[in-house]
Amino acid sequence: MMQLALEVGQTAQPEAIMFWILGPMAVVAALGMLLVKKAVHSAILMAFVMVILAIFYIAQDAVFLGIVQVVVYTGAVMMLFLFILMLVGVDSSDSLTETIAGLRPIAITAAVGFGGLMVSLLGRATLGRQATGLSAANADGNVQGIAKELFSTYVFPFEVVSALLITAAMGAMVLAHHQRTTVRPTQRQLSINRFRGETLASAAGLPGPGVYARHNAVDVPALLPDGTPAPTSVNASLEARGDMLDYKSFDLSEVNTQIVEEK
Amino acid sequence: MTFTAPVLSYTLLSPILILLGGALIGVLVEAFISKALRPVVQLTLTLGTLLLSLLQVWRIRGEQSLTAAMGSLVIDGPAALLQGSILVIAIISIFLIADTEHFTPLAAALPGSAEEREATQAGNQVTEVYPLTLFAVSGMMIFPIASDLIMLFVALEMLSLPLYLMAGLSRRRRLASQESALKYFLLGSFASAFFLFGAAYLYGYSGSITFTGIRESVIGGSGNDVLLLIGMAFLTIGLLFKVGAVPFHSWSPDVYQGAPTPITAFMAAATKVAAFGAMLRIFYTVFANAEWSWTPIISAIAIISMLLGSLVAISQRDVKRMLAYSSIAHAGFLLSGIIALNKAGLDATIFYLFAYGVATVGGFAVVTLVRDSAGEVTDLNRWKGLGKRSPFAASAFALFLLAFAGIPLTSGFIGKFSIFSAAYEKGATAVVITGVLSSAIAAFFYIRVIVLMFFTDAVEDGTAVEIPSVLTRATVVISAVITLVLGIYPAPVLDFITNLAIFIR
Amino acid sequence: MKWLSLLMLLPLAGAAIIAALPKNNEKAAKQAALATTLVVMAATIAMAVGFQRDNVDLQFVENYAWIPSFGINFALGVDAIALVLILMSTILAPVVVLAGWNEAHGGRWSVKTFYVLILVLETMMIGVFAATDLFLFYVIFEAMLIPVYFLIGGYGSGERSAAAVKFLLYSLFGGLLMLASIIALYVMSGAQGGHTFDLDKLSQLQMSSTTQNLLFLGFFIAFAIKAPVWPFHTWLPDAAKSATPGTSVLLLGVLDKVGTFGMIRYCLTLFPEASKTFTPLIMILAVISIVYGAFLAIGAKDIKRLIAYTSISHFGFITMGIFAMTSQAQSGATLYMFNHGFSTAALFLVAGWMIARRGSSTISEFGGLQRVTPVMAWSFFIAGMSSLALPGLSSFVSEFLVLVGTFTRYPVHAIIATFGIVLAALYILIPVQKALHGPTTVGNENLKDLNLREKVAIAPVIAVIVVLGFYPSPLLNVINPAAKHVISQMGFTDPVPSIGDK
Amino acid sequence: MTTSSSLVYLIALPLAGAVLLLLGGRRTDKWGHLLGTAMSASSFGVGLYQLMLMLDRPTEQRPVSQKLFEWINVGEFKVDAGLLLDQLSICFVLLITGVGTLIHIYSISYMSHDKDRRRFFAYLNLFIAAMLLLVLGDSYLNLYVGWEGVGLASYLLIGFWNQKPAYATASKKAFVMNRIGDMGLSFAIMIAFATMGTVSFAGVQEHAHHASEAALTGMGIMLLVAAAGKSAQFPLQAWLGDAMAGPTPVSALIHAATMVTAGVYLITRSNFVFDAAPTAQLLVVIVGAITLMFGALIGTAKDDIKKALAASTMSQIGYMILAAGLGPVGYAFAIMHLLTHGFFKAGMFLGAGSVMHGMNDEVNMRKYGALRKFMPITFVTFGLGYLAILGVPPFAGFYSKDMIIETAFNAGGAKGIILGVTTLIGAAITAFYMTRVMILTFTGTKRWDDNAHPHESPWLMWLPMAVLAIGSVSSGYLLSSGGALENWLHPLFDHHAEHEHHLLEPIVVSAMALTMVAIGVAIAFSKYARQEVSSVAPENVSIFTKIARQDLMQDRFNEAVFMRPGQALTTTLVAADEVVIDGAVRGVGQAAMSSGSALRGLQNGYVRSYAALILVGAIALIGAIWVVVQ
Amino acid sequence: MNAANYLYISALLFTIGAVGVVVRRNAIVVFMCIELMLNAANLSFVTFSRINGNLDGQVMAFFTMVVAACEVVVGLAIIVTIYRSRRSASVDDASLLKR
């Protein structure tokens, strides 16, 4: 076992109990992150690990960090993750079959090798000095101690981090912000356009897509009475992106009526 | 509890503060200045900021201080040299960035959408790249002078994040550009995690997150070195990732290719200076006494970097990818300067960084000039006969290639010579031999490009060379002049470096 | 008077003038180039007159600090060997310009560029022989490749770019090996009293024999590629075939001499012990080169390749002479370098004219030229005779000196090498028969004989060949002290004839 | 030693002629032949003048030398451009310039229809100059210059009509085989320098006593090789027959009278070497003996008149070489035979040329016949030469050839008998084939075509023939009466005139020789005069005739042993250069390229693979740490 | 209680995170795995802070959190952008650039 640290803290026994309960849970949850199919589940498990870590922080006299971990990390950052997951598609699930040849064995070997080597190395590490514990450093209170460091010794990094935050914010803006290039048409203008358009057919609004029940059909054009697709029935941007499905594949004549119902 | 108010030496920090201030003003410009005026204002502001910062660097070049930022930064000769190099590279890169042709008019618009077309027609520009560049430059400025792990990590992220973003802003081939941003980001964060993990172990080993503290532990450490070694290894992974050394190089070809060329130029040149600057400081001061442990490993990495970079570059068909692999090989060459661990190695590495950085920007600047109706042409096959159509571009590119190949009378030769002799002095014969060999391999593909440009008949496929804008021309000319002058009469610069390049601890 | 830097500056000035000329004025460019090269030649001769031939020290020494932090100086100076080679280069330059008056027209770029490249190359040719600072030498050694590369690739014929690349890569590879050795020397000099590239100081470095051997190899392989010595020769035929005749003259006549010059100036001076260690091997390579080059020349179907192979054979002689370590062989080798420059120049120039007229370089395409174009045929014949070392022509003296000098120390090598003279008869007479003799080949009936310009160009070359054949003393007397100096520095004296002193 | 400043004119005059005519080009066409002849003649004049001066001086002061300038001077290797005229070289000078001038005169007419006559004279002058340099040079290296110079001139002259590919090939063959000989001379010079530190005749002579026999033997053998090459001796004889491609005067001048005798000169000149190297000397004898038989046998089968004469030349030089190989006793006889041979063989060649001139350049003797009526002068002059070569007293050959046969017998022991018998048989065969030539050409019935109009040659051609015929008749007597030549040359040779044991009395030898000659003549008569000669060569002949017609397989031998392997070697090397050496280089390049392409596969575009690579790198690093820590 | 145990947990979490980056295809999950690695590093910092008896480690961990938050912003912005263009969050689909 590792020789680098002595027993620390006065509350050795309860801490050990806590550790041996939460530690394995953290590892299992982390492993679960790897193994579950759905990204949302991964996120939940991630949050779980983070909370356990917060408890560990508090147990190790890092109260401030523990709280920040819960509030900022688990609370804000993970929520951001979940939010994006919603945006991307909450149902999206990974197939866990490996598609890149040879990667799976490499990953497994890496997992075992890396973990094994780390553990083995840590077992050999010696520090050569006494572990001191934080009672002295936290004498004025953990938050105060950190604050003192943060605003004196590390004040410059602290200031720089603010620039980093601005960078991040601006970066997100660049990627997400849509600058209008044209003036948004008013309701009035839209109405005029509708009624004074090329044909009067547009006056009643565009036809809705998706005439086939067996499909969600946002991306399938509606059929006009003569059986031809109505081009305006699908959102223009879908069309532009080429995400429009070919209505022919849903042609009734090609559907095998023998088959009962799709699940 | 007593709290002593921090004392910051604003004079010594001024180059960085100017940059940060300029960047912040840039952000405000984005918010308050009309769209039409923004490009000019931003360009002027950015250039002004960089020049001012450079001026400040020049003025404080002789200063030495460990306490300029409460011990977070160290100001010394190498700092001034590296910062100066970064600023020079940034300035000539800005000329390229100013050519709006390279950036998407609207990053949020879907590729190929009507919205994008409209934005193009409206003449939109992503002027945010200017403040982003300034933020990146300030990160790069801090990176090599950071003297504790916190500062180092913050600077690392500070230089990386804007680059991740800017990599995705290409106007043409946007999917590829976004992909490169994603790859760069994911792998960059991955490497950062290693970096951080290593930092944790170094902290564990020494009980300090300052370089001074770690260094003292390395010298007089009790206990065994396991924690140090792990920490060193992981920290180094983060740094090696940034410089693109094998096997942490895999992002660079893809990102170099996908990113907008001006960004590639800036990133390739300036990041290398910053990252190698940091490596120099860390390995020359912090880890110097644990030399036995890292020299063999860095040597091995240098060797495989040189070989792999050169070998794979041979079969590249895309000029930007080829330059990427060439930069991998150059990372190997530069690592031999780290291995040297002597004054000559320090001087040589700084010289090499500057020379290589300038030539790289120049090289990519030429790449931006070769276009057809759909934007840049990076397929080498279509560079055939460039010498005929545009002697200016082709000759300049040939010059930069020759510099990369280390042909005498270019800066690359002096750089290679000095860095290899420093490494040889250290006894790293294998590295030097491999370096020489891979130079030969590298020469092969550099020369092939020259052959394509000068000795192959052009195919008429509409590949034209843009009449270079004044700014791009300036970039090419400045880079070419520097490359030549450093090749023919490097003495003043070498002396300048030799006199200044002394680390303080 | 700063002769050497003046010599180096003159062509550069000429190049600058030509570069400044209007683009369409090709004639002015040619005239300017000719004038420049003639001025340089005159200046070189003027300098040579002031050379003290019994003084074995470097003369016309100049020294300027260049990169002080590395101990690099822009140091020039010549001994007799360098002087002779500079003389050869500067005499050949106007000949090449005049002879190749129209050869730039088939190029990718303008005529102007061609002459700028030629003049820049001339500067470097002078510099590479005059450099006394190892770093300076290396820089020029490598930088020279660039103009030649563009001259071959831009103005040559056939597979010119492939040949140019091959040339460049071979040379670069060799150069890089040499760079590795130079770095080692530099570092060692730093450890033994301060970084320097001064040849004198470098030659006094202490090093283990293993080190010395390795470093020697770095230099030698570079020079062997340049020279070229078997088996590093395969670039030469391709390059010579593709280059314009004028470029080929400079390539084989001057540039390749840098290799053999380097062996004397650098290999022997810097690594005397290693030179001795490797002498047996090098002598074998040299002999192989002689015979091998000759056989391949016999088998060559292309006239330019043939000349290139003959050169490989000749460089074998030169290399052998250098390493035989007798005063005859050493003087002979230097004289050989000079003479080979002229005989190859003559061969290449005339071959170039033949090819230009016929439009093909395949030997069998010619035939009966002696009847159609007697002057051209005779020029070729005399050049060929010089190449096979016919007594009375310049090459004979040098070749025989090399052989006789080698024989006194390495009889077996000399004997095998002497077989080369029979092969030489074959490789010259076969093309002579095919191209000049026999019935006039269809299509060749109306070829024009040499015009006045061409005659003026070839005449001095042939004159040199003939005059030096009968009266080599002026040159030999200059070379002898230097050659002797080289040998004595290596600790050798001539073998004493077994009964000569009785 | 006496010095003189006029020796150089011997060489300079013809050389100037050659240079003037070559550089002058067509402008000199009108008078070029006259200039050439004049130059040669004036050189002859200088030669005579020198002879007169020499005769005036006491024996020991007869040699004259002239130092022109310092030629090569490197270390111990000092060679001046110096000339030496002594009793030996004056013989050659006079032969060369004398016969040479006659042949110039002959050529004026012979070549009058050739539009390149001027060039021909330039070559002739060049040849004269080179040949004079060969015999006048005072060191082996100077000799070498002349040696190769005559090779060059010979090459040019043989190939004078090189528009015919066969002629061009013949000239090339001559040059190359000569070069093999030259190589021998180079070796000899190198050995001389390496062992004695000098290459001058005087120096080598001075040091030869001290030199090791091995060195001298080596040098001697190499000199023999040189001589064999130049003098068409076995085994380097093959070029001579083909060399008949040149215009006939060339054959007369070079391949009969002068150049081919250079080998004899060389061996005689190097007497001090051979005398100290018995093994080499023995080899000389053997080579001479073999060649004399070889040439004679070839001569019996040739229908080409010039080739028959060429074979005869080869055989006669064999006699000379044999004589020279017999040491001091033989040198003078070798030279004597050389001089007499110079007259009669040159005369016969010119006669052959005269015949050809009248026969539309026909060379096949089977197409001649009965020419005696049409070309009486030619017949007479040729006939006198014929008698001389047969050794019929009192014609020139009798004196010289008998002496050689006699000396051969006197060599002692088995060697003497073998050599003597060989020379005797040679004499018989000579008689046979020469009689054959006479009969086929001049007697019998006419076998020529109707469009041939044989006629006597103009006076410019027959005059030289007549002069040479006089020489053929008288020179033997003049040179041998009272041992004139022997005594003249005596100071040069280390010959102690002790009375050797005579195996056979001279009269017996003469008788035997004459008997053999008679037998040869008789056989020829019975074979050719008694029966009709076919105008085409009969095919149903014995295998020996066939072999003899093919020059005793010499070309086949060379082809099989040297040419084909040489060509194969060349082809192999050319291929090997491309495949092996260049291939190795390209292979390295290819390997680099393909390994590059393979490594390119790492970059598969998947970010997860890249991450895996980084992870693997990290594992490698901590793995290394783990190993270190263990 | 041996504080080293936290280090083992930290190492294991780091390993799991690193492997997760390699095996998962959803860009967001990959990114979460990176966050896991950062968290593992933070745990090490806190533990070492306790062992070393100073607060530097905790300050560093604090900075890490802030920086990680910035990274998340940028990263998610990039992921969203690429998702919008490709309609896929799988990192395997983004493999235009290769070789």
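First chain written, first letter: the chains are A, B, C, D and E, and each begins at residue 1.
In this section, a contact is a pair of C-beta atoms (placed from the backbone, for glycine too) under 8 Å apart; a residue touches a chain by one contact, two chains touch by 3 or more.
Keep in mind that this is a model prediction, so the values were computed, not measured.
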{"item": "Mutual neighbours - chains that touch subunit A and subunit D alike", "value": "B, E"}
{"item": "Between the pairs C-D and B-E, the one where more C-beta pairs touch", "value": "C-D"}
{"item": "Longest centre-to-centre distance from subunit B, chain (CA-based)", "value": "D"}
{"item": "Relative to subunit C, chain with the most remote C-alpha centre", "value": "A"}
{"item": "Central subunit by CA centre of mass proxy", "value": "C"}
{"item": "Rounded Å distance between subunit A and subunit B, as computed from the means of their C-alpha atoms", "value": "31"}
{"item": "Centre-of-Cα separation between subunit E and subunit A, whole angstrom", "value": "12"}
{"item": "Distance from subunit E to subunit C - Cα centre to Cα centre, in angstrom", "value": "65"}
{"item": "Intercentroid distance (Cα basis), subunit D paired with subunit B, Å", "value": "79"}
{"item": "Residues of subunit D whose C-beta touches two or more other chains", "value": "589, 600, 603-609, 611-612, 615-616, 618, 622, 625, 629"}
{"item": "Contacts with two or more other chains, residues of subunit A listed in rising order", "value": "4, 100, 103, 106-107, 110, 114, 118, 121-122, 124, 127, 154, 157, 161, 164, 167-168, 171, 175-176, 241"}
{"item": "Contacts with two or more other chains, residues of subunit E listed in rising order", "value": "7, 14, 17-19, 21-23, 25, 30-31, 42, 47, 49, 51-54, 56, 59, 63, 67, 70-71, 74, 77-79, 81, 91-92, 94-99"}
{"item": "Which pairs of chains touch, using the document's own definition", "value": "A-B, A-D, A-E, B-C, B-D, B-E, C-D, D-E"}
{"item": "Complex contacts: residues of subunit D adjacent to subunit A", "value": "604, 606, 608-609, 612, 615-616, 618-619, 622-623, 625-626, 629"}
{"item": "In the complex with subunit A, residue positions of subunit B that touch it", "value": "1, 3-6, 8, 13, 20, 23-24, 27, 30, 35, 69-73, 106-110, 112-115, 118-119, 121-122, 124, 126, 128, 131-132, 135, 138, 142, 148, 150-151, 154-155, 157-158, 161-162, 164-165, 168-169, 204-205, 207, 221-224, 226-227, 230"}
{"item": "Subunit A contact footprint on subunit E (complex, rising order)", "value": "1-9, 11-20, 22-26, 28-29, 31-33, 35-36, 39, 42-43, 46-47, 49-56, 58-59, 61-63, 65-74, 76-81, 83, 87, 89-90, 92"}
{"item": "Residue ranges of subunit E in contact with subunit D within the complex", "value": "18-19, 21-23, 25, 30, 91-92, 94-99"}
{"item": "Subunit B - residues contacting subunit E, complex", "value": "107-108, 110-111, 149-150, 153-154, 157, 161, 164-165, 168, 174-176, 178-183, 185-186, 189-190, 192-194, 196-197, 199-201, 203-204, 207-209, 253-254, 257-258, 321"}
